[in-house]
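Below you'll find the structures, each written out as structure tokens.
Next come two complexes, and both contain subunit A; in the first it sits with subunit B, in the second with subunit C.
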Partner chain A sequence: MNKVAFTSRNLYLQVLLILVLILLVALPFYTSAYNIMLLCNILMYIIITVSWVLFSGPTGYISLASAAFFGVGIYTSAVLGQSLPLPLVIIIGGLFSFFLALLVGVITLRLRGMYFSIFTFGLVELVKHFLLWWEITKTNTRGRFVILVNYIHVFYIMLAIFLVLLLIAYLIRRSKYGLALQSIGEYEEAAAHIGINVTLLKVVTFAVSSFFIGTVGAVMATRWTYIDPVIAFDPFYSFMPVLMAIFGGMGQLYGPVIGAAIFAYLEEALITRFPYHYMLIFGIIMVVSILYLPEGLIGLLQKLWKIINSGRLAVYREKRQKRGTGREQENA
Partner chain B sequence: MVKKYIVPLVICLILFMALFAGCTQPSTTPAPPSEPKTGGEQEPEPPKPEKDKIVFGSVHSISGPLAIIEEAAFGPIRNLWFKDVNERGGIYVEEYGKKLPVELIEYDDKSDIGTMTRLLEKLILEDKVDFILPPTGTAMLYAAGPVANKHGYILPGMSGGATTIKEIIGGLPYFFSNLNFSDTQVPAFGELVSELGVKSAAVVFIEDLHGVEYSGAVVPEMVLRGVDVAFVKSIPQGIQDMSAIIKEAKAADVDAFLCLAYPDENILCVSQSMELGFNPKLMIFGPGVCYTFFKDIFGDEGVEGLMSWGAWNGKSTPESQELIDKIGVANVDWWGHNLYWAGMQMLEKSIEKAGTLDQSVVREIMATETFDTVLGPTYYDENRMLAAECHTGEVGQWQSGQFEVIGPKNKATAEPIYPKPPWPGQ
Partner chain C sequence: MLEAAKVTKYFGGMAAVSNVDFSVSQGEIVGLIGPNGAGKTTLFNLISGALPLSSGEIRFKGRKISGLKPHQICRMGVARTFQLVKVFGNMPVLQNVMLGSLFGREHTVSPAEAVREAREALEFVGLAEYINAPAKDLIVGNQKRLEMARAIATKPELLLLDELMAGLNATEVSEAIDDVKKLRDRGITIIMIEHVMKAIMSVCDRIIVLHHGEKIAEGTPQEIAASSKVIEVYLGE
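The block that comes next holds the complex of A and B.
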């Protein structure tokens, strides 16, 4: 009985997933240009957040380097965008981020906790100031224009990156590597003692997650049209994935996806409706969600699902009633 | 077993579909910037519905690091212009046979360039505004240029701009620039330096487009004028301590100290120079010193003799004092406010003259005609930049609580004070 229920639920989920994806692919045929642009932005946040969770979720290493990898992608697009075709630029952007992460990972992933977070944040500033210094003293560059790309094209590329990322994140989670990452997060010494090459695994996962952030940077730069090091390496993009992942919940793969999507949409909706008060409203939403949704939106959804699905609602009510009557008796 | 692979397989399938759909899209290379359409080329349009207002859209930085520039530079002029036009009953548009009031839809870009370009396209595509107004600062303006041009919307450049705009403005026929910057200001400053007999100088600039541009123009100008440049140093945005640089300049005993930075850094530089007793004969600063609030921080005596780019005041033209009264003297930016106001006046007069809200017709008039504005007769040059002859000044100096124009000579409202008097209490 239980097995049948499980299978059919899984099937529902898969059908739902396929439907959502078909809707997304067909989107440019039935919605406005601005909605597509908004969706590109939402996809950008989703990809950065899922990439961040890919590494930081299971291992518990809070990386604040997302902005550095994002910026590397943006810069690649600005420098190479004029001379190379876009798909190649995107892959190169991803690869630059990958190798930067590899290099940084080898040096820093022996650091733990706070030290790792601070170092990764420092990386954003380091790359930014290195580029500033380089451009001011060596190349005398003053900002760069990026070639504008059709928004529909950007949308499909973002969707493709998103699906590849989702597939890879799914496969990693289901594989022995996912388990190994989980064990690193729980007890790194124990993981090392059972024969996991802790450093290698961490470095490679860190680099893979950075690859995707880099590709997204390279695509999004084409919608920004003009960049300089300060614009490209904005620390904002280091903190957003962390916030979005917490908002969505990190327990499941779809947690950060839903978290980032709702977060990004909410931000846009508020900023266009209440330009002078959106920060205040946004702040209140953040405080409330952190206070009352410690496991994120997904935690709330799972709780609701459990209550509705397994007929616990009745049990739940019964329990509450019992508790209520118990209290009344005590009071009496 | 099969179940295990369903999800990945489905994702692969969709991915393939997405890529396929992506490949069938038009080529990635953007079309070259569209040339302004002439009326004859346009398809006949259906009769226009009744219109009861002209809607302007603006994405600017209400929050984030650029908010300080927004509040002091173009923000007050934008708000004043809307109030002023509506008080006069609106702009007369012949096509509709009446005066139409103006309305503003505004969005905050959080000082983020991605948000700015996206919301600018929202204004154009979804809100279908009649005209757009520029975002805050040079980088934002540069990013907005190609977007506005792609959709054939006039972009009147206000706060921000740099000489590099000349390299790209040819491809952006809808971009207009109103602010003056280094190409006219630095030569005027050079003349001043020669006239005052400055022998040595130290240059500090902020690490961004503005700083690189001004230092790149000022240093060769100084060398040309025979001034010995002791050092040229860059400072990062948001620097918290400039004492080492100030001490070095003090040790070098330079005549002139040039701080080509933004309000925060300029305030820091002045306060630390006071503390360290560094009082060169000439001090000139980037944006910030030209705002009235800067004088309010340090007082009339504190800013006495400090120079900044600019410049204008109530004596510049007969209409200037009226504009100052409208803005309120406490909110005036003595670099750009009259230029921004003139820019808005030119846009308004062009719409009136065009008798239509058609961007290409209004653009044509804006680009070619001469208008009577707060600056006097005003026009754009062949690059659609406000003609240098229309500027009311290039270098200004605080003198007894007034921001006086001191360069170039033919536009000066006062003689320069040199050497700069000591800091108050020293």
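The block that comes next holds the complex of A and C.
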């Protein structure tokens, strides 16, 4: 009976997803440029957040390197954008991030907990200062101009990256590797002792997640015209995905998606209305959600759903018990 | 099947295991005893690859395993349980065990096969009714059983059991003893660390005694029970 409920819920979800998709694809035909750009921003946050959750969610290794991979994407776009076609630039941006993550992963994934987080955060500063030094001493420049791309193209590319990411995240989650990543988060030593190559799995997943962050950086760079290392490697992009994932809840794939979407929209709304206080309001929302929504927004919804359902179940159980067929094990 | 030669492990300046030689043959149940802090768990950690050796060598089925990673040693056929249980608490019991099937072998196992094997292993340890419960909801005794099922699912030839029976009541101890015997009848070789003397004396073919990291005695249960050296160590503590 459980299975039936599960598949029918899945069907609803699929229909809903396809409807949303059609809506999104058709969007540029009936809405303003402003809305499309807003949506690009939202997609950017969603992709970074879902990528971050792909690795950090199940394993519990809290990476603060997102800004580094995002920045690598941005810089790739700035350097190669003039000479190569955009799709290629995007893939190269992703690949640079991928290989940087492989390298960093091999060095740092031995570190646990706070040490890992701090090291990954250090990476952002390291790459930023390396590029600053490089530009001052080697190329004698400061910053670069990025070629502009039609915003509708940007939108469709972001949508495509988002869909590929969603598909990959979904496939990993339901594969044995998703389960293995979760076991690493619970007890890494035990995971290694039942045959899981924990190092390889961690490093590869970290790199795949970074690939997507790199591609988004490469696309979004085209929206900014001018970039320099300080703009490209903004620590903000390391903390945002963590906050958005906590806000949305990481138990389900759609948690971070919805969390990031709401957050990104909020940011835009708050910036335009309260340009001086928006960070403060942001902080308050964050503190409240950490204190009162340990499982995030989705966890809250699931809890509400359970309460509604358990009301129904209780009635059902009572009926059954009266007939004398109730089993106490049901709840065990 | 397992040969250890001059196995030594230092923690800082302290030798937790020093110059231990022993071997285990196919089909045996070997008991590993000694006072707390004798180095028993450390020896398991060395065999399973959790810790690198300071010196010495360990061979399994003729191949050197010291220096390999835990997942490699597991896939070669060595599985273990932990003294302090390490189950995947937020994961359902069935998935805990399935992971053993899915990753603990040289060849790939299909998800359907993994489910079947996991159910069978859980049936074997008597946890069939808890299949869908999160592992953290089990009582500690059952978590130990779960660890055993997870280890069995990797299809080991050698199984290392670290204080499986600690904290179990008398009935549970006899059940666990039966389980160990049944595993041996399936052809699995077993090394067990145990403080429950009844268990050690009734199932082990041979007993190894560690004290301050050194092997101080080895022999049949009768020989060990009669050894003045062993009695001295236990009474002296």
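Here is the rule we go by: the second predicted complex is superposed on the first by the 298 of 332 C-alpha atoms of A that agree within 3 Å, B and C clash if a C-alpha of one lies under 4 Å from a C-alpha of the other, contacts with A are read in each partner's own complex, and residues count from 1 in each chain.
The working rule: a contact is a pair of C-beta atoms (placed from the backbone, for glycine too) under 8 Å apart; a residue touches a chain by one contact, two chains touch by 3 or more.
None of the values given here were measured: they were computed from a predicted structure.
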item	value
Partner chain in contact with A:E189 - subunit B first, subunit C second, else both or neither	second
Comparison of subunit B and subunit C by subunit A residues contacted	B
Which of subunit B and subunit C A:K138 touches, first, second, both or neither	neither
Partner chain in contact with A:Y156 - subunit B first, subunit C second, else both or neither	first
Subunit B and subunit C footprints on subunit A, overlapping residues	none
In the complex, subunit A residues that touch subunit B	7, 10, 14, 17-18, 21-22, 25, 32-34, 37-38, 41, 85-86, 129, 132-133, 136, 140, 142-143, 145, 147-153, 156-157, 159-160, 163-164, 166-167, 170-171, 220, 223-228, 230-231, 234, 236, 271-272, 275-276, 278-279
Subunit A contact footprint on subunit B (complex, rising order)	3, 6-8, 10-12, 14-15, 17-19, 21-22, 25-26, 28-30, 62-63, 106-108, 110, 112-115, 117-119, 121-122, 125-126, 139, 142-147, 150, 162, 164, 168, 207-209, 212-213, 216, 234, 236-237
Residue ranges of subunit C touching subunit A (in the complex, touch as defined)	48, 50, 69-71, 74-75, 79-80, 82, 86-91, 95-96, 98-100, 102-105, 111, 114, 129-130, 133, 147, 150-151, 153-154
Subunit C partner contacts - residues on subunit A that touch it in the complex	176, 179-180, 182-183, 186-187, 189-199, 329, 332
